[in-house]
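Each chain gets a letter, A, B and C, in the order it is written, and its residues are counted from 1.
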Amino acid sequence: MEGVADPDTAAAAIEFRAVTKRYPGRSAAAVRELSLSVPAGEICVLIGPSGSGKTTAMKMVNRLIDITEGDITVGGQSVRSLDVTELRRGIGYVFQQIGLFPHMSVEDNIGTVPRLLGWPKQRIRDRVGELLELVGLEQSDAKRYPGQFSGGQRQRIGVARAMAAGQPIMLMDEPFGAVDPIARDRLQNDFLRLHAEVRKTVIFVTHDIDEAIKMGHRMAILRDGELVQYGTPDEILATPANDFIADFVGADRGLKRLLLRKLAEIELAPAANGERDDLPTIDEDTCLRDALSMMVTQRVSALTVLGTAGERRGTVSMESLAHFADLDRADADAEVEA
Amino acid sequence: MLAQLALPIAQGGGPVIPTFQRGSDCVRENRQFCWDWFSSHWSSTFQPRLIEHIELTAIAVGIGFVIAFVAALVAYRWDWAVNPATAVFALVYTIPSLAFFQLMVPFTGLTRLSAEIALVSYTLLILFRNILTGLREVPADALEAAQAMGLTRRQTLWRVELPLAMPAIMAGIRIATVTIISLATVAAFIGVGGLGEPIFNAIQTGFKTQFIAAGVLAVLLALVTDAVLVVVQRLLTPWARAKVG
Amino acid sequence: MQSIIDAFQFIGDNLHFMLTKTLEHLALSGAAIAVSLVIAIPLGVTLGHLHKGSFLAINASNIGRALPSLAIISIGIGILGIGFINVMVAMVVLAVPPMLTNAYVAVDGVDPDAVEAARAVGMSPRQVLWKVEIPLALPLMFAGIRTGAVYVVATATLAAIAGGGGLGDVIVNQASYGTEGVIAGALMVTALAFLVEGLFAVIQRLLTPRALRHEEGPVELLAPVIEGT
């Protein structure tokens, strides 16, 4: 994605320092002494049951909700010390209801913050073109109005709008919640692909554990305003901190771990020939769980893995998959036993 | 042509025919509608009154809009102001126009000022209600996005809220304008001109053409203005028409 | 200010006369309202029940609102001459649109689920109309009647120039009644308008079941009291 001098520069790290939010008239704090660090360029998912304070925590980053105690720093600067308008112009915000401006064209919607920042018109136009391609829309969509698009498309526009000025951070509050499951899956995949290219620091709130596992580099599980566990999805699935987490992630957490890796990433047993020639084949770009699923439905205990050009790369057995699903063992690269 | 209408004419009281030396048969017999009289008197009688009428209306709606706009912004910001404002505006709106104009005379005389005070008052309820409703119906998610993106309050008002309130505001302007066109006909009663003047004059003479000409002109003005404002409304809100099928 | 005081004096001195004029005014208004009701309501309700004729019903109000009342009276004089018929026709022409439109929209817009439930229970179309649609449509329908009624009372003031009598007679007749009389007439007709508006507002409140009490409906349709002319 070349062309205009890339405004998507360094992402900024976010840090919560003992952040507390108390509402007047309520004894329990909505968020209590939350401390966590989100490294620059990573997606951190905040997840928890309703009332856990996940959305409140996120909204304190751009001060849509005021911090009662503690502080949040963005790129080292305290959010409380910055002018709130300037702060928000440096943070992209995507939420479930999307909130596109119905009276503005797609182009004008996306260009909102650049216009506020005084970018020249041509630069904005070029930027919009770039972003439309990035989020998977047509160039001709620029002149149309939000009302003419489906929910999934509108959220794509929402994402484009949230990164138009190269904001180093993005806050996302259940952004894909209002679309059907198929569209949601596509949106998630496309967002991950986008993020791989444009690495912003993202805080992503969801209540869907599967979405959290899929989207997050790290997950923070909150309950009643407190942080219960913070780690990579694999860590949390393998070694949940307590029963609550174990329940929350689901009894099938072993299987869920299999979602996190693809066949291309693990060591395979050598490609067999001869008596194992008739094994069903599977593409290496498939996640381990789908491989297991194929083994179960086809009633075999091993598969031949094919590379991108269709060449045989090796075989994988059910037993070796089981290693990756091991509970209470977080070591990722377990040795494969053929 | 109205002249051909064969309606029974109940003429209680025998009207006086204007004695124009040059009067055609049509005029002398006071037929339904004398086109010749109308066209010859267009520039002397009807056109100036039409222009006066448009002026009266434009001034009233213009001033009324400014007042109602300010009031609506205040009420939008401070909720408690809504009821008192609505009550006052509704009160003046209920006053029958003939009475309103007449009641102004002891205070501001038989002047345009009297007429405009009354006419402006009539615009307020409609405009205030529509502007306020328009603002209130701006989708909450658009407002949340605006706030989160770093628009100041003023920027949000001018770039998001008011544009989105535009359909309701335009509807209000349209209704108000047409209403004032109607009421301005009565203003002639206190001598400020407008299309009502030929009507009131005709009462003395009973000259049918005058009644019909002035009446039809007023109706046409109202209908044409309404249609034009509908077009303006559509032009100003292109986004309202473009929807997902 | 003096004029106002003089006006009250006038009312006091000529109470019987003023009351007679007021009654004339009310009678004329009442007649026009009655005729308008008879034309507008059955038509609006029927069209709404059948969900037909929406273009006519809705645009009737838009056009009707645009018609300057004095102009209608004026055209009426040109065609029908001075007299009761003319005045009645003008007022009915002006009062029918809001009543018609509201009656139509009210019945047409009754919650379709309620109608479907009624039909499912076995009610005949006529029963559905009378037991479900009309009661639910009543508040909005009445708002239209109220608009039309207040319009009529105000227009009746102008009826004077077409020989309709009523308080308008006093207001346009400075020669006979003097400034005090004219002001007095203006004051009384204003008071009358307030009374009628207030009365109808109360009735509307009573007719609206608590559950349905909310802010006004479509801004354009429920344009408040269509002005007094």
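As a convention for this text, a residue touches a chain if its C-beta (ideal position, glycine included) is under 8 Å from a C-beta of that chain, and two chains touch if they have at least 3 such contacts.
Being a predicted model, the structure only gives us computed values, none of them experimental.
With chains as nodes and touching pairs as edges, the resulting graph is an open line. Centroid analysis (C-alpha atoms only) places A farthest from chain C. Taking each chain's centre as the average of its CA atoms, chain A and chain B sit 57 Å apart. Inter-chain centre distance (chain B to chain C, centres taken as mean C-alpha positions): 19 Å. In terms of their C-alpha centroids, the spacing between chain A and chain C amounts to 61 Å.
Across the interface of their complex, chain A is touched by residues 139-152, 155, 160, 163-164, 166, 237-239, 242-244 of chain B.
Chain A makes touch with chain B in their complex at residues 62, 64, 85-91, 93, 95, 97-105, 112-113, 116, 144-150, 158, 161, 171. Residues of chain B that touch chain C in their complex: 2, 5, 7, 9-13, 32-33, 90-91, 93-100, 102-103, 106, 122, 125-126, 129-130, 133, 168, 171-172, 175, 178-179, 181-183, 185-186, 189, 195-196, 199-200, 202-203, 206, 208-212, 214-219, 222-223, 226.
For chain C in complex with chain B, the touching residues are 1-4, 62-63, 65-75, 77-83, 85-86, 150, 153-154, 157-158, 161, 163, 168, 171-172, 179, 182-183, 185-187, 189-190, 193-194, 197, 216, 219-220, 223-229.
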